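Per-chain numbering from 1; labels A, B, C, D and E assigned in written order.
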Amino acid sequence: MIKVHGLRKKFKDLIVLDGIDIEVKQGETVAIIGPSGSGKSTLLRCLNLLEKPDEGHIQIGDIMLNAKKYSRKEANELRRQTAMVFQHYNLFKNKTALQNIIEPLLVSKKMKYDEAKKVGEALIEQVGLAHKADNYPITLSGGQQQRIGIARALAVQSHAILLDEPTSSLDPELVGEVLQVIKQIAEKQTTMIIVTHEMDFAREVADKVIFMADGHIVEQGTPTAVLDHPQNPRTKRFLQQSISLPEYSLV
Amino acid sequence: ENEGKVLKVGSTGLVYPFSFKEGEKLQGFDIEVVEKIADKLGYEIDWQLTDFSGLMGQLESGKLDTVANQVAVTAVREEKFNFSEAYAYDGTQIIVKKDNNDIESVEDLKGKKVASVLGSNHAANLEGLDFANEIDIKTYEAHDGMLNELDFGRIDAYANGKNILLAEIEKSGLPLKAVGDPISKERVAFPFVKDDKNDELIEAFNQALAELHEDGTLKELSEKYFKEDVTVEKVSN
Amino acid sequence: MNFEVQYFLEVFPSLIKYIPLTIGLAVLSMILAIMMGLIIALITNKRIPVIYQLLNIILSFFRGTPMLVLLFLIYYGLPQLFPSFSVINSITAAIIGLSVKNAAYLSEIFRAALKSVDEGQLEACLSVGMTRVQSLFRIILPQAIRNAIPATGNIFIGVIKETSLAFTLGVVELFAQGKMMASASLRYFETYLAVAIIYWALTIIYSNLQELMERKMSKPYIK
Amino acid sequence: MNFEVQYFLEVFPSLIKYIPLTIGLAVLSMILAIMMGLIIALITNKRIPVIYQLLNIILSFFRGTPMLVLLFLIYYGLPQLFPSFSVINSITAAIIGLSVKNAAYLSEIFRAALKSVDEGQLEACLSVGMTRVQSLFRIILPQAIRNAIPATGNIFIGVIKETSLAFTLGVVELFAQGKMMASASLRYFETYLAVAIIYWALTIIYSNLQELMERKMSKPYIK
Amino acid sequence: MIKVHGLRKKFKDLIVLDGIDIEVKQGETVAIIGPSGSGKSTLLRCLNLLEKPDEGHIQIGDIMLNAKKYSRKEANELRRQTAMVFQHYNLFKNKTALQNIIEPLLVSKKMKYDEAKKVGEALIEQVGLAHKADNYPITLSGGQQQRIGIARALAVQSHAILLDEPTSSLDPELVGEVLQVIKQIAEKQTTMIIVTHEMDFAREVADKVIFMADGHIVEQGTPTAVLDHPQNPRTKRFLQQSISLPEYSLV
């Protein structure tokens, strides 16, 4: 369960998040869409404190934090409630695929090596990359790297997983394999927030879609409501532009 | 009474034939003189090898008792250190190439390129000449390449201690020669930090030196290294 | 020509005996320099206002001052200011001087190497619940080291040679021994050539070790 | 304590006179070193089989040999082998030694800097009909320089100090003058402290110039 | 006019181009499609000798070259017949937008600065970025960078323009603006070869579509023929996968 209330964030004079309220129920998958620069990434990054929010309250699972004042310990606790999947994968370059998954177990969870290895091997199997366990990230395709990234996020068994455009650095051919893995996870009732440009995927997988623009939540609701029957003119314009490229934009 | 006591003596090991290494063994005139003195006084010697600026630094900061490295007695040094009696006499000698007939006396150095070496009093002696401003004086960091420098003809003359130069010319076999008499005379002695505690030690050194003079040991050492006696002041010239 | 091969060859055995001291001094100083340099790099990386400026001024002193002067000030100067420093022996002083000075250089190298590691690596660590310190030692440093090896190697080769300045403090190592042999024999050219060849050999040996290390460390980065 | 302030202050004017010579030597040597280093970097970058290995061995000699020994071999050794070299004067020999040695170091730095420029930049040049040489001077080098500035700055600071070794060849510059004053007065500590301060000041001035340059060069890279 | 005959290229033991024959008429636009690793980029790069082909004949305009033996001078001449637009833009990082366009004119064409500037300003106007003339590449969005990249390729007025996935590094929102510019150029009867994943765009703009797989040309013809009525099973499979992501690949 994730609750965000009144979240605000400025970069110098630029207001990037202007009072965001979100509720995600246990096991729900939420897709966030919106134009470039609308603050989607910043929102996710504030949730796990990679970016320090200016104001607001964040609750993830049992951990609750006030952005105005929190201790280092509180921050660490909140951070452990989530795991993140990055647009550019951010695999540990000096570790093999399997080591990437095991590393957080050894370090954050202080698991024994043998135990961690078992967990890791199950996960790498689950994302279909058991045969690449000993490869270093650089030798994997983008899609494979992202699947390892997802396995790594799953490994720590956090309360929720945050995914920031997990497929938008991928060649079109490789998008499918990653979305498939995410879909499987979503079906397992993992709490997830995913920022994505893949409208069809959002429609299929998400329980709720949030449309953001200029640091605000402009519209939210079921996928059908937001994607097929948008109410707000900004949502409409955005969906027209991005669903049916390139024909529309060329005329 | 000094049994088992240690005397810390510094030297460079870089000045043939005063202080140099043959294989691993430190030897030379200065080295043997100190060893003879220490024998007499019942000291063990703890030799410290370091370059010349290091010697002065160590002596001053109390890391050495004295220095055996052809330290000439000069006014500046006497301000900082007390000296023992002299154990050798030296002078600033000019040398040139053997086939050089332009320079036959000190006066002929006018307009010539003459070299000396850092840290030696010979540089100061050269600069102290009446007509020093007419000489093109070049100072070098170290004595290392100086004989070659002269041999290559990149300088016209070179000034350093007479005793060193004569010994080296002979040993190296280079076609070089000494010109005229030394332009100065110096007493070579052991320096000690100015400190009441050292007065006794200086006294003991002087005593020992006198005895070594007396029994001919110093003369013998000198002839071994220089084929002449540099331990007495020459009355001639 | 006037090159005495016989003497030239005889020089080597006496010089070689001093290699362990030279290497020992260099390695010990280097280890200390690396540790200090890393700590400085981590501090300056944060750019904490006053500390950063202050540290930079101090570092520029150590970088700017000739090694010889630095050694001299440490060994002969400090005891004049603080008498308790006079207990430092010459080898200790040499190691302090060499390591402090090279720490100043290394800190710059390490800072650049740390910066060269993609920000995303730290974010990934934090996002899976690792602390900053854990991230540093498990993920960031191992990647940074690889970038820093060539420049650090240059510094180490420099340190090997700089040990010779310890002669001012009375430490007789390879080069000092060479000087003594040269001035005893007056065969400067032969002796110095031998000295050069030994340093050259040490450099080549080290370079090969470094290449081995670089190759090992770059395994994860080869497609 | 035994620090003579009066003498310490008097040292400065005599030392300062030698700054131009030190800077002149350093700058000239550096310019030559940069030119040679760049040429070497371009050659080694191509990894032409035999030439590459040969050059590497030669470079390791220059990198590995102590500067002092190198100067000695050039100034006193070469004329013994080739008598015609005895016409080289001491300043020329110092500049040759300083520049050759640092060219060996710089070539490594430049090679890394050239490598750091994205391959795509050269491809873009070629794709619009520029030749390799044109690409190098108009596009690749200007970008590489920026990466090379910090390490090159380190080398330059090193050269400023290394000029002092020319004293072995009879070139009296800043540090040599300091040594002469120290051994005349026997006030090593005061003199060397003054020397250190002057070098420090030069380093700081240069560092500021370098920062200015870096800032100017990184204009195209700031978002 | 571009004629390629029997073009072969190996990377060590990997055969990447296995005898390629292509004809592009003056003013024609050809789109190359195909799976990742099929050799599309290598083909383009062989045409302007960024990659050295092993065998075959290449003719572009009046310049004809035998891959087995050619002089440096011949290579330079062939290279001047084409200009390239890269997937990652490859703008000169140390030059402003306008300077990027002018640079080849000054250097390859030895034009006077004033004259070059005039040409450059006209081109930057044409791609709609006159107001960004003095910006450095890093301050431009991907779409803007690519438009400058296209203007730079146009500047040298080469016989043909080669485009290698010009939009696949772009955020979905920015694809449109770039495709629009390319479309305008295509309409001006510029000879072009474009490697692309944008099927709709290929259908609209190309005179001919070539489908490549494993270093071979598997199928070629009009857009309708290849894209809507593919004959070869490999083409069919590829089109299914890539046109309608992500739905198909998830089932």
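Simple rule for what comes next: a contact is a pair of C-beta atoms (placed from the backbone, for glycine too) under 8 Å apart; a residue touches a chain by one contact, two chains touch by 3 or more.
Since we're looking at a predicted model, the values are computed, not measured.
Shared contact partners of chain B and chain D are C. With centres computed as the average of Cα coordinates, no chain lies farther from chain D than A.
Annotation: 51 Å between the Cα-based centres of chain C and chain E. In this assembly, the C-alpha centroid of chain A lies 82 Å from the C-alpha centroid of chain B.
Each chain gets a centre from the mean of its Cα atoms; for chain A and chain E, those two points are 34 Å apart.
In whole angstrom, the spacing between the mean C-alpha positions of chain A and chain C is 46. Of all residues in chain D, those that touch two or more other chains are 72, 76, 80, 188-189. Contact of a single residue of chain B with at least two other chains is seen at positions 53, 57, 60, 144-145, 148. Chain pairs that touch one another are A-C, A-E, B-C, B-D, C-D, D-E.
Taken in their complex, chain E has these residues touching chain D: 48-50, 76, 79-80, 82-84, 86, 88, 90-96, 103-104, 107-109, 136-139, 152-153, 155-156, 158, 162.
Contact residues on chain B toward chain C in their complex (touch as defined above): 10, 13-16, 20-24, 48-51, 53-54, 57-58, 60-63, 143-145, 147-148, 168, 171-172. Per the touch definition, chain C reaches chain B in the complex via residues 14, 72, 75-76, 79-80, 86, 90, 167-172, 176-177, 179-184, 186, 188-189.
Touching chain E in their complex are the following residues of chain D: 118, 120-121, 123-131, 134, 138-139, 142-143, 219-223. Residue ranges of chain C in contact with chain D, taken from their complex: 1-3, 57, 60-61, 63-70, 72-73, 76-77, 80-81, 105, 108, 112, 150-151, 154, 157, 161, 164, 175, 188-189, 192-193, 195-196, 199-200, 202-204, 207.
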